[in-house]
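I am attaching a structure below and will ask some questions about it afterwards.
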Amino acid sequence: MAIETGAPASAPASPLARVIERNGVPFAVRDLSLAESGRHQLRLAEHEMPGLMALREEFGPHQPLAGARIAGSLHMTVQTAVLIETLVALGADVRWASCNIFSTQDEAAAAVVVGRTGTPEAPEGTPVFAWKGETLEEYWWATQQIFDFGVDSSGAPLGPTMILDDGGDATLLVHKGTEFEAAGAMPDAAADESAEGRVVLDVLRASLASDPQRWTRVGQGIIGVTEETTTGVHRLYELHRDGQLLFPAINVNDSVTKSKFDNKYGIRHSLPDGLNRATDVLMGGKTVFVCGYGDVGKGSADALRGQGARVIVSEIDPINALQAAMDGYQVARLDDVIGEIDILVTATGNESVVTLEHLQGLKHLAIVANVGHFDNEIDMAGLESLPGAERIEIKPQVHEWRLPTGRSILVLSEGRLMNLGNATGHPSFVMSASFTNQVLAQLELHTNLDAYPLGVHVLPKALDEKVARLHLDALGVKLTELTPRQAAYIGVDPAGPYKVDHYRY
Amino acid sequence: MAIETGAPASAPASPLARVIERNGVPFAVRDLSLAESGRHQLRLAEHEMPGLMALREEFGPHQPLAGARIAGSLHMTVQTAVLIETLVALGADVRWASCNIFSTQDEAAAAVVVGRTGTPEAPEGTPVFAWKGETLEEYWWATQQIFDFGVDSSGAPLGPTMILDDGGDATLLVHKGTEFEAAGAMPDAAADESAEGRVVLDVLRASLASDPQRWTRVGQGIIGVTEETTTGVHRLYELHRDGQLLFPAINVNDSVTKSKFDNKYGIRHSLPDGLNRATDVLMGGKTVFVCGYGDVGKGSADALRGQGARVIVSEIDPINALQAAMDGYQVARLDDVIGEIDILVTATGNESVVTLEHLQGLKHLAIVANVGHFDNEIDMAGLESLPGAERIEIKPQVHEWRLPTGRSILVLSEGRLMNLGNATGHPSFVMSASFTNQVLAQLELHTNLDAYPLGVHVLPKALDEKVARLHLDALGVKLTELTPRQAAYIGVDPAGPYKVDHYRY
Amino acid sequence: MAIETGAPASAPASPLARVIERNGVPFAVRDLSLAESGRHQLRLAEHEMPGLMALREEFGPHQPLAGARIAGSLHMTVQTAVLIETLVALGADVRWASCNIFSTQDEAAAAVVVGRTGTPEAPEGTPVFAWKGETLEEYWWATQQIFDFGVDSSGAPLGPTMILDDGGDATLLVHKGTEFEAAGAMPDAAADESAEGRVVLDVLRASLASDPQRWTRVGQGIIGVTEETTTGVHRLYELHRDGQLLFPAINVNDSVTKSKFDNKYGIRHSLPDGLNRATDVLMGGKTVFVCGYGDVGKGSADALRGQGARVIVSEIDPINALQAAMDGYQVARLDDVIGEIDILVTATGNESVVTLEHLQGLKHLAIVANVGHFDNEIDMAGLESLPGAERIEIKPQVHEWRLPTGRSILVLSEGRLMNLGNATGHPSFVMSASFTNQVLAQLELHTNLDAYPLGVHVLPKALDEKVARLHLDALGVKLTELTPRQAAYIGVDPAGPYKVDHYRY
Amino acid sequence: MAIETGAPASAPASPLARVIERNGVPFAVRDLSLAESGRHQLRLAEHEMPGLMALREEFGPHQPLAGARIAGSLHMTVQTAVLIETLVALGADVRWASCNIFSTQDEAAAAVVVGRTGTPEAPEGTPVFAWKGETLEEYWWATQQIFDFGVDSSGAPLGPTMILDDGGDATLLVHKGTEFEAAGAMPDAAADESAEGRVVLDVLRASLASDPQRWTRVGQGIIGVTEETTTGVHRLYELHRDGQLLFPAINVNDSVTKSKFDNKYGIRHSLPDGLNRATDVLMGGKTVFVCGYGDVGKGSADALRGQGARVIVSEIDPINALQAAMDGYQVARLDDVIGEIDILVTATGNESVVTLEHLQGLKHLAIVANVGHFDNEIDMAGLESLPGAERIEIKPQVHEWRLPTGRSILVLSEGRLMNLGNATGHPSFVMSASFTNQVLAQLELHTNLDAYPLGVHVLPKALDEKVARLHLDALGVKLTELTPRQAAYIGVDPAGPYKVDHYRY
């Protein structure tokens, strides 16, 4: 039987933003009846996520995460579902929200709530608060739900012991909440505060009014956070630099098996996939311009060359530019070749990389695709306010913009990450490497906290190597072992780690 | 106002298999209201089909196909829509059916019927008789419609002057019909006649009964056929060898700009696309086995290597095998490495290339994908009748087969061409090359028939080169011109053709 | 003991151009003491020439070439030595000259003369008349020697029964000689006759004077010729067209296993090799321009991309141009990018592809390399007569040309084929495929002459496939076999041939 | 006129190991008449070393190295000659020896001594003490010469102010000498001391006897060392860890523009070059096994795949193994595929990677090539003492070893680095990047010593980026510039550096 629990005061007026509790499992998802379809996909994804499955096998019997309460904020996809069920298999108590208003796969969310053996009527899974297409208000409502683990035997409210974060929103809420509670008052929103910033302030204002020590209490209960992204990690280093970090953090992003795999090999897969699904345009023979030759740019260029495109690269860093040249790419400035480009890909992580002038200089029906960062990488705001420009929806996430020049361009995913918007993001195998780092980081915090004093840490190289090791069998890779004599010769343990810390792979 | 014309006696009991006539345009398609969406796609496709658009520009003003009545039987897709409108732009009277029960894109069919300036209520386009998901009966009913061009001023029935064929079904109907009409009687279906063969016999039996000279008359009105595929061309050579060919045929399939582009570069695009849409599985690091290293196999292997897969190839022809080795691929027998394969691709055009034993020897959740030919390339019949095998639909065209071994495999498109079933087939640019050959071949027959006596002809090399030439600008290719002295030095005309006939490219 | 046999009247005054006879073996080579070093290289080359070695094993016991007298004119290299010894192993009586004044490897020539078991003092091998660095007079003297097989039991002079030719010089001599003997007189050299043409006329004039039926007699004794090159084949087709061909010819050049292997994979190997040996310049990151995208151009572009160069291609044939684009290369005109090029490669087989203006427009110290054809592919004549240009030898075959522009360029091999001049030509494995075709062609003529009436023939596809087949084991290739049912399905014999004649591979 | 200066007591009895002084320039090289040929090569190399030439242009006018006395120990090649002349152009006083007994190019050494404007009779260049093929005694004699900069105005002996080292031999001599002088006595050679170790002890014993404070004095005059190699850097870190480092050191090896360019792109060039020059064997179609997938292994695998080989990789580090798999290579253990390998390449930097058992398991005439490290990477010692094994010199640096198995293998460069032994090492452009780092490091020590306290330092990222920047123009690379707003957005200076220190490129 389903019980609707009271939504907090700040809950948005939304039919989905309500915690349902059925068979003891609270949730707020699109539709539990999608669970069967989601379960099929989870089953296939498990096969492609050998790192997570190996952790289940290695650690499941020992339940090393018993006692851990994990608040997870990360795209609620099929792959994340496998991550969640791995944390649970290791003994953790878990609650989940997505970290993006569009990225939830509703059938995956449903499958996690229903669980492997439950039914939509009698779910036996894990609480999830996420659906595809949240408003900002709904998004931050959902994020709050992951901090509420009920009450202990004495009736005191229970919060998470750890955060698993992607982008840092969950961490932000705890830190901002604690800050404002310490001040005893909320600041007014700055005049130039973003729409989302205002929502966050509203959430915290309501919280301060109803429970003025809530986030202080939550923060004190947390022993650490593990963070997935460049942006989130950047925030953590700043918090620590400024003396405001409340608990230790593990920077999962800079594991080799995260940054050099997810960024490079993930995008090699999902960029052409997104281009195909969006446009069906032949890449072979086309002139493609890739802005940026970091790991994402490297993967992009490689994928497009692999499809027979002529690839031109731009760079601002002379080292990366030299790498691009040595890899056989023409390295040019966008301005100098703008009129030759069939497909324009941004992979920089910077803003205004493609300007309105660039957009107007492109060939008729040139394709514009961002795989780098936010939609400000392309001047979408400028395009939207350009007099005389007309936007025609060819299909969802694919728009023709008729420009005053008389030419049109095709903009994918409204300038946002098209590998997510036009394709399905990184494939399971790549995410398995990233998420295995996450689970190991959670394990480190929960079982080996002394090794991680207040600060931002990367995982020890031995664990990074372990993540790689867990993905070898699935690819048929046979690893060679060092003899003791060889290990001594290069001064390492035969079991690793094998490289100095500054080794670049 | 719509008029329903009388369906022939052999019409199947189907709500779609009825000729509607609206604003003077007869048709039988799914839904004319899809035309606007189809027109958007046509507009984008036109940009990717520079060969066809160049023909419109070059020949449109002169209407060289005026007087031609073309019966077209070819997948009714967006690209074919651009082909149809090109034929019309050159003056032809055209009627169209699809050559495959599943391949029609209903919005493209609707757009062709409605035309560029018409509306669903007042269509101004070209008659099409095709929808996605025809039964075999509906398919052959639709094929018959393309032979009916109304009556002339004297009231005599008008048939086509030319066939534009893909696979040879339209040509087959004329030849078989003529044969049976000459005999004055139909043969009984052989005991092992296929389901489709029986439908064809039924169609012709009904025709013979209602109009015993229909196909003879149609055949006499036809001056020639242009044929697109290996299979169709093979049938034509056999007909000619046996003295049964009724009219000259142009083998479009063996134009270089067809076979070496469509087969190789088309599949390089659509194989990974299909794998992605079907499974989202990372290709990087996987072991992929490609059966066959013809043009399709070459494109397949290249695409998969470009995505970071380890590719193993099999071949029966020692020359192609040596090419595969020289291109850096391991060349092995499927039996010898069956247990190492993650993705199995067939690209042979033969039957039983993947046997039931192979299927049972694959790794758990290995993917099986056919890009070669019919579904008998993989022993699907054997799989379907394997005791203990269970078929689970993951999503349309993607099935998990649980095998008695305890392992599962993923079969795409039920063993049929997965680049059509799981992706959208060859992209427009590739089809532009193929279809430009088709239009030039139709032009040749209509305006230069004396050059094509009864027999099977390939297009002159000059036209093959012209097709290539029309696709260069779109790719920014700058062609170098021979000086007269250079042309004399190698003994060619500066304008081409440039190579001896047996040159292999 | 060495006997010096009488040199013919036309012998040039040269210490090397004399036939020595030692232990019954006549020869004219640089130095027999080089034989041991040559034998080492032959031994290694045999391992890389599995096709020839397989023929020795298959046919050696049956001596099918017994009775054949073969006059060979083909670069006297290590690889050719293995060819010669294969012909001998099959029973033939062989005499050899080189087909190029520079291409003889003196140690290979010595090893052939000495033979496997002989010594420089008591050679037991095959007569060779070739050394590196012949004059034109010496060259044509040597070519004459291969037609002199002594006398038969009746004392009548014996000529060859077959010619094995490369470039057609041996064939030319027989045809021209016969022509002039029939006329009974020699024409005067035309005013614009080349230096080499005058030498040939001198040779034939002397011959006509001393033995007025010599070439007629030789020609009547010849049953056929097998020819290796495009140029030689071209001459043969012209002779046949003009009714002047004296005996059947087999066009070995157009075997797939010759043209598609030698041209493409051979140059892929030897172009970067020659660049390295000549200049040691890093190819990675450099802008390389390849003129021509035939098989040689394809191999060139592939090799340079494989080394990290940015490759730009030019083409005159729109089909090849489109292939280049689809393979991801920029296709441009040389004029348009002349100032960006670091390495300029010609692979066209035409003349004046690189003009004096181009040479003067290149970057300082740009490298100019010809792998296509004669040295007129680059305007070397123009360069040599350019006022103010200065030539500095950096090392043999590598010259800096200081231009009036103030810039220099590096010209390799004086504009001649640099893969021969700066490297060692095609590697043994590639030549094994070409030469196995030669041996099979000689076998066909000697044992199956009825199948080859007067005319120019290509080898049957079955033999082409056999050549490929003989090279698979060495590469570890496992060929798949057709089942009888599969063979029937595609209408071929399970043993091949597998493809229609116009198949392009 | 030439003056022979007195050789020190420890000088070996060798005609070359004598310091000649001519026109005030002391030297000990093979033959000054080689200078002209060397100068040609230097001139071409300068064009390929834009980083060094840019430093001459930027700094030459200011003479920032005036007052610096640099003792250089680094392979005395053409590229090093450009380095030496750059140091001199910046104002330094330089003396040079090679760091390897075989690596000197005698014409380069001669050109450096003669100088740009001098003659062999009146040299005006830089003192060099190096020739190809030194004995160990000669080598260490030459190394001593670079520490002797004559006497100052007061007659006191002058030593270097800085060392520029490759492998650490010059640094070793100073440290060991100082250590023994402090102890006042030499240790006896250990029983297992290597031959070279004994020579070093002899040198120092003689020095201690003749001038007991020589090395102490030299060491005190040195302000720092810049070191090029992994091995040398490793020694420096150990010295510093043990408190024995006498002066600051800059680790040039770990500049990105050194390790990621030299190792990867250098070997991509020189591995196939060495294979070609040694064996002329076709790489296409061959099965190549590359031990190790670090930067050298990555470059090796890439080069061989680029030539059409099938490449199999082995790894001991799971992260690198996973990279290899994701790049499409089969990853296997050498033992498991030993019988399939045509070419075996070691790129590990470890010992006994290829054992005697492996060597005996290889195919007949398989090629064994080391590009990783010392000759112990392959068990050459085991091979040399294998009963029944026979060594046949095919040509210098190429040996066939006939094994008791009846098979032979081809060992290149006697198991030592074959890219140096069979080819000419890394090309100039790659060395330009490495050497520009060296010059910048010398400049840092000489002009900015306070920034480098006692310890081992890497160059600041800004200088690493500068090195890259100086190589872009030569490749036609156009760098994009950050706008101030973009720079602020990612928190960097528009002029760089652009990345965090742990960025992996």
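All chains are identified by letter, namely A, B, C and D, in their written order; residue positions are counted from 1 within each chain.
Note that a residue touches a chain if its C-beta (ideal position, glycine included) is under 8 Å from a C-beta of that chain, and two chains touch if they have at least 3 such contacts.
Just so you know, these numbers come straight off a predicted model, no measurement behind them.
Looking at subunit C and subunit D, the chains that touch each of them are A, B.
Using the average of C-alpha coordinates as each chain's centre, C ends up farthest from subunit A.
Superposition angle, subunit B onto subunit C, using Cα atoms only: 180 degrees, a multiple of 5 between 0 and 180. Counting C-beta pairs in contact across A-B and across B-D gives the higher total for A-B. Spacing of subunit A relative to subunit B, judged by their CA centroids, is 42 angstrom.
Between the CA-based centres of subunit B and subunit D the separation comes to 61 Å, rounded to the whole angstrom. Contact with two or more other chains is made by residues 265, 284-285, 287, 305, 308, 322, 325-326, 330, 475-476 of subunit D. Of all residues in subunit C, those touching subunit D in their complex are 40-41, 44, 47-48, 265, 268-269, 272-273, 276-277, 279-287, 302-303, 305-308, 340, 364-365, 392, 394, 400, 410, 423-424, 427-430, 475-476. Those residues of subunit A whose C-beta lies close enough to touch subunit C in the complex are 284-285, 287, 305, 308-311, 322, 325-330.
Interface residues of subunit A, counted against subunit D in their complex, comprise 254, 256-257, 259-261, 265, 314-326, 330-334, 336, 349-353, 433, 458, 464-466, 468-469, 471-472, 475-483, 485-486, 489-490, 496, 498-499, 502, 504-505.
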